[in-house]
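We just call them A, B and C in the order they show up, numbering each chain from 1.
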Amino acid sequence: MKFNNRNVWISANATIGKNVKIGDNSTVYDNVVIEDNVVISNNCVIGEPTSGYYEVSNYTNKQTIIGANSIIRSHAIIYSGSKFGENFSTGHRVTIRENTTFGKNCRVGTVSDIQGYSNFGDHCWLHSNVHIGQKSKIGNFVFIYPYVVLTNDPTPPSDVCIGPEVGDYSQIAVFSVLLPGVKIGKHCLVGAGSIVGKDVDDYQLVLGSPAEFKKDVREIKNRKTGDSHYPWPYRFSRGMPWNDLGFDEWEKLINND
Amino acid sequence: MKFNNRNVWISANATIGKNVKIGDNSTVYDNVVIEDNVVISNNCVIGEPTSGYYEVSNYTNKQTIIGANSIIRSHAIIYSGSKFGENFSTGHRVTIRENTTFGKNCRVGTVSDIQGYSNFGDHCWLHSNVHIGQKSKIGNFVFIYPYVVLTNDPTPPSDVCIGPEVGDYSQIAVFSVLLPGVKIGKHCLVGAGSIVGKDVDDYQLVLGSPAEFKKDVREIKNRKTGDSHYPWPYRFSRGMPWNDLGFDEWEKLINND
Amino acid sequence: MKFNNRNVWISANATIGKNVKIGDNSTVYDNVVIEDNVVISNNCVIGEPTSGYYEVSNYTNKQTIIGANSIIRSHAIIYSGSKFGENFSTGHRVTIRENTTFGKNCRVGTVSDIQGYSNFGDHCWLHSNVHIGQKSKIGNFVFIYPYVVLTNDPTPPSDVCIGPEVGDYSQIAVFSVLLPGVKIGKHCLVGAGSIVGKDVDDYQLVLGSPAEFKKDVREIKNRKTGDSHYPWPYRFSRGMPWNDLGFDEWEKLINND
């Protein structure tokens, strides 16, 4: 019932795949490629021009690619010059600026604000209201929870911009801040409300302001079962590529490739 | 001047009461009931289909009810399957997902994000940018201040979902987090920036990360007057049902019912 | 390509300057003045009526002024009765309520929420997702970073409303809270994640919850260069009026006026 083709505007220079649905009041600008089976919900803007559009007369929109089988929920604003792998999905009102790349199977939650010039691997899940400063670099299978902020200016205000990096399988809990240039290793857990100013080694749980090492994540026990929950890929596989094989078998397979 | 009936779309299966105003660019989907004297401002989506709509061909929207005399401000997204008592009001850009219930006289502030499957009593006031995770349960006369997050996954990522509970008359101050399954009693005050991981008894002020008991709220004195401000219903009655009678008399009346 | 004049509504009582562009799906209400060379992007609401509009039949919109050369990005909601000096710019989805004034050359980032009845000087830069409570008073050249909240009710809930004040050249880092009535001096730095409950003198770095004095900002050294970064106007001049003269010369010039 959403797709009444009411007040929809699609540039003549956009490329629209097969079985694509575009919701009412949505706009698709120049040089956008929407691959097959994508749903763009209502009131979205895809291929939003960068600020150059307001400044120069010969502005050309950079290419924007929305991968196959993606769902962009309503009121999203996605700038030109960003690329999203297949099965990308968003909540409502996300803002994703230019020159951002996402791998396959990523999710970005409602009201999240990605400031552009950042890279994400595959299977990253950003929850609601995440703020990613420019020049951030995120690995694969990274979970970022609500109200997390990645910053990039070590001595504000300045023109220095050094984004944080987050390794594969790591998780950043609610209300945490990664300070400029911080490197988080693999399989880490940054606890709720942490302000992380120093690099974090693989498998570390860090917590607090400033965030400090608390324990190896493999020592965290489930209060009820007494089992280790981490590394989490052994415990959680919904939507993950090791869902059928199990994590160890899948990892072997991957490493042999 | 808002109600020009410009680019408005109302499903033939929606039920619209008397003296209802619906703003420009708003959409009302199937099986929405809008009771009398409601204002739906511009650019709203009421009865947003759940994700099943994208997945199955025989999808039917669950019933959505907007109670009498409510005001939904612009750019709200309210999913199907949620119900709101009379005198409900919102700020702008609220997102309220499916299977959420609100009692009477509730308010939800600008940009707040309610993830669905949650219940609120009467007279709850949520300020701007509040994030309510699924399966939260909130009593009556609860105030939740900006940038508060209620979480529900004790060992992320997992498929476990245990929402927090908040008792009547309690207040959760800015930037606080309620961790999964935490129970906050009645007349509590959670101070700014707290991360609450343990249950909180009635009348407690808790503060910090992790939040710890500081004092009985009845011992908090107003710096200027030296009076106790809490329990707040003795000091604040604007918009409350004890506005004419006073809190004690009103409570007696209620308890005799 | 944005300006197709599609689904635009402009009140007959609005005043539109020369070379103004208004994007698709935008609305301009009564008594709005848009000065020359302004860009209003798509899906904006300028001159949003205050709540009186819903309550009284003889409601009149107060005057709203958007200064020359401003850019209001998409999905902004700006209430009637607010005034913005020249070169104002916003990100997306900002909400700015009534009776707010901004000087010249100010910026407000994506999703920021200004609750109204607040005043900002010149050259204030608010980043994404800043929340300004009513009756806040901000000086000139103030930077406020993402997820900062200025509060105003010392004993919630109550009808007392005492906004914070921030002096010229001060900066408030990510996730900080200014509690009601707090006065921040000039050239201060409030560190990330601070909750500020006491006044802060000029040139102080404060940090923590509760925020405490750490050092004079002039003693903060850049880790790489060993130089002092603060007072920042000696180190950063992009977009600032001392860009050509240097800060000392510019300040002399100003003080002689």
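Methods note: a contact is a pair of C-beta atoms (placed from the backbone, for glycine too) under 8 Å apart; a residue touches a chain by one contact, two chains touch by 3 or more.
Computed from a predicted structure; not experimentally measured.
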Chain contact graph, described as a line, ring, star, complete graph or other shape: complete
Superposition of chain B upon chain C: rotation angle, C-alpha, nearest 5 degrees: 120
Answer with same or different: of all residue numbers used at the interface between chain A and chain B, are over half used by both copies? different
Rounded Å distance, chain A centre to chain B centre (Cα mean): 28
Quick one: which residues in chain A touch 2 or more of the other chains? 7, 25, 43, 75, 93, 111, 129, 147, 175, 193, 209
List of chain C residues in touch with chain B within their complex: 7, 9, 11, 25, 27, 29-30, 43, 45, 48-49, 53-54, 61, 75, 77, 93, 95, 111, 113, 115, 129, 131, 147, 149, 151, 154-159, 175, 177, 179, 193, 195, 209
Chain C-touching residues of chain B, taken from the complex the two chains share: 1-2, 4, 6-7, 24-25, 39, 42-43, 71, 74-75, 91-93, 110-111, 125, 128-129, 143, 145-147, 171, 173-175, 192-193, 208-209, 220, 222-223, 229, 232, 235-236, 238
